[in-house]
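Chains: A, B, C, D and E, in written order; residue numbering restarts at 1 for each.
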Amino acid sequence: MALFEAHELHLRFGDRVVLEDISLSFEVGRLSGIMGPNGAGKTTCFNVLTGRYRPDRGRVVFDGADITGRSPQAISRLGIARSFQLMNLFDEFTAFENVAIALPETRRRGADPIGQAYRDSALVGEAHEILVNVGLGDRAGQIAKSLPYGERRALEIAVALASRPKLLFLDEPTAGLGSDGRARLADLVRKLKGAVTLVVIEHDMEFLFSLADVISVIHWGQVIAQGSPADLRANPWVRNSNLGKLA
Amino acid sequence: MSGLPLLALERVSKIYRRGLFDRTLAFRLDVDFRIDEPAIVGVMGPNGAGKTTLFEMIAGSNAPTGGRVVVAGHDMQRVRYRERDRLAIHYHQSYQVRRFSRTRPDFMMEPAGSSYPVVHLFDEPQFNAQDGYIGFMLDFFHRLRGEGRLVFICLHPTAALHLELLRQTCERYLFVANGQARPFADFGRIISDPDVRRYLGALAP
Amino acid sequence: MSIIGLLPHLVNGVALGLLFALLALGFMLILGLMEQINLAHGSLFALGAYFAYAIATPRLPLPPDLLQAWAAAPLGWRFAAAVFVAPVLVAPFGVVLERLMRRTYGRDPLYGLLLTFGAAMVIEELIRIVWGTRDYMLPVPRGISGGFLMLDLVWSTYRFWAAGFAVIAMAVVWLVIERTRFGALVKAGAHDSEIVQALGHDLEKLRVGVFVLGTMMAAVAGVILAPVWGIRPHMGVDAVIPAFVIIVLGGVGSFWGAVLGGLLVGMVVGLAGAYASEWSMLSMYLLLILVVTFRSRGLFGKKSVLEA
Amino acid sequence: MRSGHTVPTLTPVMIAVWAAFATVPLWIEHVGLYQYLGVEVLIFATYALAYNLVLGHSGLPSFGHGAFFGLGAYGFGLAQLNLVPDLWFCLGAAVATASAGGTLVAAFISHRRGIYYSLLTIAFGQVFWFIAIKWHTVTGGEDGLLKIERLPVQLGVATVDLSHNVSLFYFVLAIFVVVSLLLWRLVHSPFGRILRAIKQNETRARFVGYDVWRYKAAVLILSAGLSGLAGGLFAMAQASAFPDVMSLHYSGYIVMMTLVGGGLVTFWGPVLGAIVFLLARDVIGAFTTGWMLWFGMLFVALVIYKPEGLGGMFLRPARTKRPEAT
Amino acid sequence: MTKSRVTRRRVFKASLMSAALAGTASFLGPWRHNRVWAQGKKPIKLGLTCDASGQYGNSGQDDMLGMRLAIDEFNAKGGVLGRKVEWITADTETNPATGTRVAERFIAQEQCGFLLGAIHSGVANAITQVANKYGTIYMNTNSSAPSEAGVNCSRVKFVWDGNGTNFSKAAVANAVEKLGKKWLLLTNDYVWGHTTSAATKAEVEKAGGQVVDNLLVPQNTRDFTAYLLKVQQIKPDVIAMAIGGDDIKALRQQIAELKLEDKAAWINNQQDWPDIWGVPETLFGVFGTNWYHKLALPGVPEFVRRWQTSYPKAPIPVPGNVSYNGYMATRELLRAIEQTGTTNNIAIIKALEGRKMTALDRMQTYDAYIDATTHQVQQTIYLAKRNPKPADKTDLFEIISAATPQQAMDTASLTACKLRPYADIPTYEQ
């Protein structure tokens, strides 16, 4: 069953068409990849799927409900989380606070103007658990800004996970990472796979071909190819290119 | 769209002059052709000959000086600005540029009457053999054509690969040069034309 | 009130609007191209007016005989000199301000705003110290002053000259931005400083250039408006707020937005002045709130880093 | 490893600040100043703390806050002159009036960010200011709302007269203590944490599920209400309410106080800023009418070289140890 | 006294240094020194609450020159009650909040027994409130909103300028008869403008004229084009202006430039001298004042000479009505102290209430008195117009009529003003 479906999304910025009737669907428990050349509209597409932009036409359906044009916070609360391509953390907060602020418990207590922010031990425990999960167990007290690049990437994912999503969107999680960091991140994503439905935008083909169950290729604001890694690799051009070799 | 040609350029001309006062001719393009059936059309021609201008006129973002462009029965200059991409869409490099010369307000225009573009104009798509996207792109052109659309691919060949791509993918051709766009029915004919051979130079087979 | 009765106020509103647009333009340049909110714009505007006054009346720190010779020159010459020289005299203030602002580049735009707020205070106090608190009037040459008859009403000749001059000044700025290499670089630099640096252009010089242009625009507006609005220390504050309103109304970074915003504010203030005079200044803010409520980036605004 | 720490409700700094203020009436006249100045400093310190909730803690650049201060002053005066001349009731009215103004403004601007936020606060500030000047029948226009009394404090059994500046000072101090304690708790509460999160990264806060605009609206209303409380106290101190405190200049002064003191980095910065600003105004102002020149230069220098303000200089060593303590 | 000012500065500098050394707030403040007057008797100390900046910065300083002249004259005679008269001033910034603080400081810290000053009615009210609280006598020198001696009157405040109603009474009836019945009002949109225009309107209607429209002009307006267009469209016989401060300067300039001064008769309620100085070419129409430095009355030239000798470098070379009011208020206050032989405030208030001042003494045409009901000085009100044959460059006005205090009296204020009983006034002696 498709957990998330997008039907013929169309979006323009002024006179510019950015998305041209994109349709996508992501199945429960799978890792779906989205790839495409630079400037093809991947991130814009992502932004529409997660509520940052409202499409001009088309529908987005999550878990059977039409969520087109809902606000990011509403979409987030339904159980869709995302990470960002450019670092997008609460820079002055510690790693712990970054995660804690994203927990639904914190959100529920948001109207409390008097109490202690982090007195709830269950909340503190859960935040730590998530940090341990992404391999940042010993970084809880560090300011996000001061963490090394790879760890900030992992923290991005931890923040996204903190809202206990049913569906997690990762926007170029390996961007800017060296091969070492990439491998570690791939391990982390592999660990998450199955536990949560994942959608990953990647420029790094190797990463997607090795992890994804299904891949959509986006170019010119539309889906120009779709299939399992094996299907896509069958294309002779892919076989003869770097892409083929890496895969 | 039965009976109507997918695309007709009826004695279309585009003239640019040097300036407001200096009325010397700077650029001139005359085109007159029609395509009735879905097809993939390869477009070649030297830089500055007017390939992009031609695409812009088809997409409706650039108004012809004379004549008219008709896409699936609609005169592009009479269609609402925002709906023109429902008829013809111009993919410029990686993103899609449209900058209309607006002459009349939108509400005085006709609706497009189509929900998906009939003519797809790919302006110099990046064919990089290294990354493998080329295969997806070619498949995509064929898919569009299979869905009954008209596909234009504009290329300025710089490698043998590019000519080979055009030969394999396209069914008809246009050569834009010297102020004209000349149609050719197949690869053999365009490649044997002396003007084209001169343009291709060393690349010519 | 009939249409005939309304007409003079519309004409007046347009003339006023052009002056407003001129006032807002320098502010727009610095905001739109450098993404810096220059609250000292009004003070530079005031300096332009004061320098013009010093040149035209003349009250200059010159040797007495030279000063006397200059004072004997026809007012037309002195006024023309004020129009062209005063902006040049104000330009160094822009350079200094830009130097001070450098430390705020790349930081929250709030700091640039605060810095210029402080600078505005300092300049205003300097004006008080040098010229005192009293009002001055910039004398206008006979040829372009006085009144003329139109629609059976007497109109101020100078206002129409000023409006015309505003149009010319705006056209010059438009040409500089749209038709020169400097303009093209500045526009590129505003959006992607890396590109400009990659092209080998000194971004610092470019920024100084923009700031000086913006400063001189402010000063020109000050000179042109001085005979209409008078010269007084707090004229800067009185000027910067409408400029701010106009820019946001028109859309940050949009040349034509600034022009249209200026015209709209001029019309509203002019009409309100005649028909609901006690609301004439308030009308400007209400217009702004109305427009921004429905078009969050103003009439022609585009997304900008200032919102982040 | 640091986990979820808690923040003490009472801190040594807090008690030191309160205690220091409590001694002011004992020595202020001996250093050549006067009691009324102490009252005014304390009122503006309260106002600056309330304002900093918006600027420093939530990162919302409001430049029209004087409107709320003024609304509080008029609310206090009008309630006293037309309704019930009871101190608590009138202070309540001050808070209610300013909060209502805050609610109206918040409804329009909470979806906005950055420069548009500032600009609309300026615009609304000007609108309120105009209304205060124009609506003569209610506000007294330029003449101001006069004959506002310093109402006595009714404490059930006892009544304290506030007509003397010293007794008023201690009453304002009591309010200051309550407000500062409340705000201290607030910035360390879940609500306060979320405000800080929004300040750092509004987009991300939305994507982790927060209705950011509600928080922005809530904090503006709260800050407006507390500013109004300070305004009410000011009306009592001045025995009148004038539109000037709502002007753009006064709105700018509160921003300056807050920043000069270091409101962006420290909780107590605004208090320091209010002290420095008003003292400078009084002391330099007695010496030269151009005091704004010197203060303006100080301000420019601070923005350039020490954007964290005076408070930031003092707290620098402490901050490296506890990087996000406020 | 200038001398005390210098001392203050030196002390101030020293105190700044010690502040820097101590690094705390516990420095010797700038004013402490003056509280203990070492030699002989304690001086009588006046607080001059004059604007030095803001809209009325110029007028405030002109006002102060008059006050200082009176003080210097008394000190030259050996002071009052054998005590020296000392003064202190601070900029009230044309801002009520500043006015409050300055008044508080003057009373509580400087121990000034008497306050003098204010042009702007908001500032005047702010000072009045503070003065009221302490029972300090306050001479409101130049603020001329009718409400000053009406609803906002006070037992401790004395109002020295003629107000809007006085000028209307003096000017309107005659003008309706001579100039025409169709009147247009041009009103500065604040309290002084409103009350003044209301008074004018009442007088116009009483005299059988008709007010066709009232254009409210926001304060600090400099561009009057919209209003002048409207004026031309309406074509009234008389335009009565209640525009103050620098606004009237700009308006006059624009009317003169467009040569509209002959299109209708212009009456400006009150023309303060500092507001016309520097732009004499824009003076037209009829306007009111309560004093002029070339009044053909005994004592005037002598006063002008004294003033000029004291202030050879004054921004305006001759005293005008603002400076005159400052002088008169200060002089009468000091005389009252001398006559009562005490600085007890109640005694001085009683001495001032109903006080009669001869025409000769006040350099006006008719005798004046301080109204005991309103604390306003009821005095001669002059109407003037531009002088076509000036004797010198300061000779701008031609006085055309003088109304008696009775003719010009603001009768409405008699019922509007409610003074507190003496028993409610805190008393003090300095």
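Here is the rule we use: a contact is a pair of C-beta atoms (placed from the backbone, for glycine too) under 8 Å apart; a residue touches a chain by one contact, two chains touch by 3 or more.
Please read all numbers here as calculations on a predicted model, not as lab measurements.
Identify the chains in contact with chain B as well as chain E, in label order.
Joint contacts: the list comes back empty.
Which chain lies the greatest distance away from chain B when centres are computed from Cα atoms alone?
Between chain B and every other chain, the largest centroid distance is to E.
Which chain has its C-alpha centroid at the greatest distance from the C-alpha centroid of chain A?
E
Compute per-chain Cα centres, compare each with the mean of all protein Cα atoms, and return the closest chain.
Going by the distance between chain centres and the overall C-alpha centre, it is C.
Using mean CA coordinates as chain centres, what's the gap between chain A and chain E in Å?
Here the centre of chain E sits 72 Å away from the centre of chain A.
Quick check: how many Å separate the C-alpha centres of chain C and chain E?
Their C-alpha centroids are separated by 37 Å.
Would you kindly tell me how far, in whole Å, the mean C-alpha position of chain C lies from that of chain A?
47
I'd like the Å distance between the centres of chain B and chain D, where a centre is the mean of that chain's Cα atoms.
64
For chain D, which residues are shared contacts with two or more other chains?
Only 134, 289 qualify.
Which positions in chain E are in touch with at least two other chains?
Residues 52-53, 189 of chain E each touch two or more of the other chains.
Can you pull out the residues of chain B that are in contact with at least two other chains?
Not one residue of chain B touches more than one other chain, so the list is empty.
Judged by the touch rule stated earlier, which pairs of chains are there in contact?
Chains touch in the following pairs: A-B, A-D, C-D, C-E, D-E.
Quick one: in the complex, what on chain C touches chain D?
Result: residues 37, 100, 103-104, 107, 109-111, 113-115, 117-122, 124-126, 128-129, 237, 241, 244-245, 248, 252, 278, 281-282, 285-286, 288-289, 292-293, 296-297, 306-308 of chain C touch chain D.
If we count contacts the way the header does, which residues on chain A are in touch with chain D in the complex?
By the definition above, chain A touches chain D via 50, 52, 71-73, 76-77, 81-82, 84, 88-94, 96-97, 100-102, 104, 106-107, 109-121, 123-124, 127-128, 138, 140-141, 143, 159, 162-163.
Under the stated contact criterion, what part of chain D meets chain E in this complex?
27, 29-37, 40, 133-134, 136, 140-144, 146-147, 163, 165, 237-240, 242, 244-245, 250, 279, 282-283, 285-287, 289
Would you mind writing out the residues of chain D in touch with chain C in their complex?
Result: residues 61, 108, 111-116, 118-120, 122-124, 126-127, 130, 134, 248-249, 252, 255-256, 259, 289-290, 292-293, 295-297, 299-300, 303-305, 307 of chain D touch chain C.
Quick one: which bits of chain E touch chain C in the complex? Just the residue numbers, please.
Chain E reaches chain C through residues 52-54, 57-58, 189, 215-218, 220, 222-223, 225-230, 232-233, 246, 249-250, 253-254, 257-260, 263, 278-279, 315.
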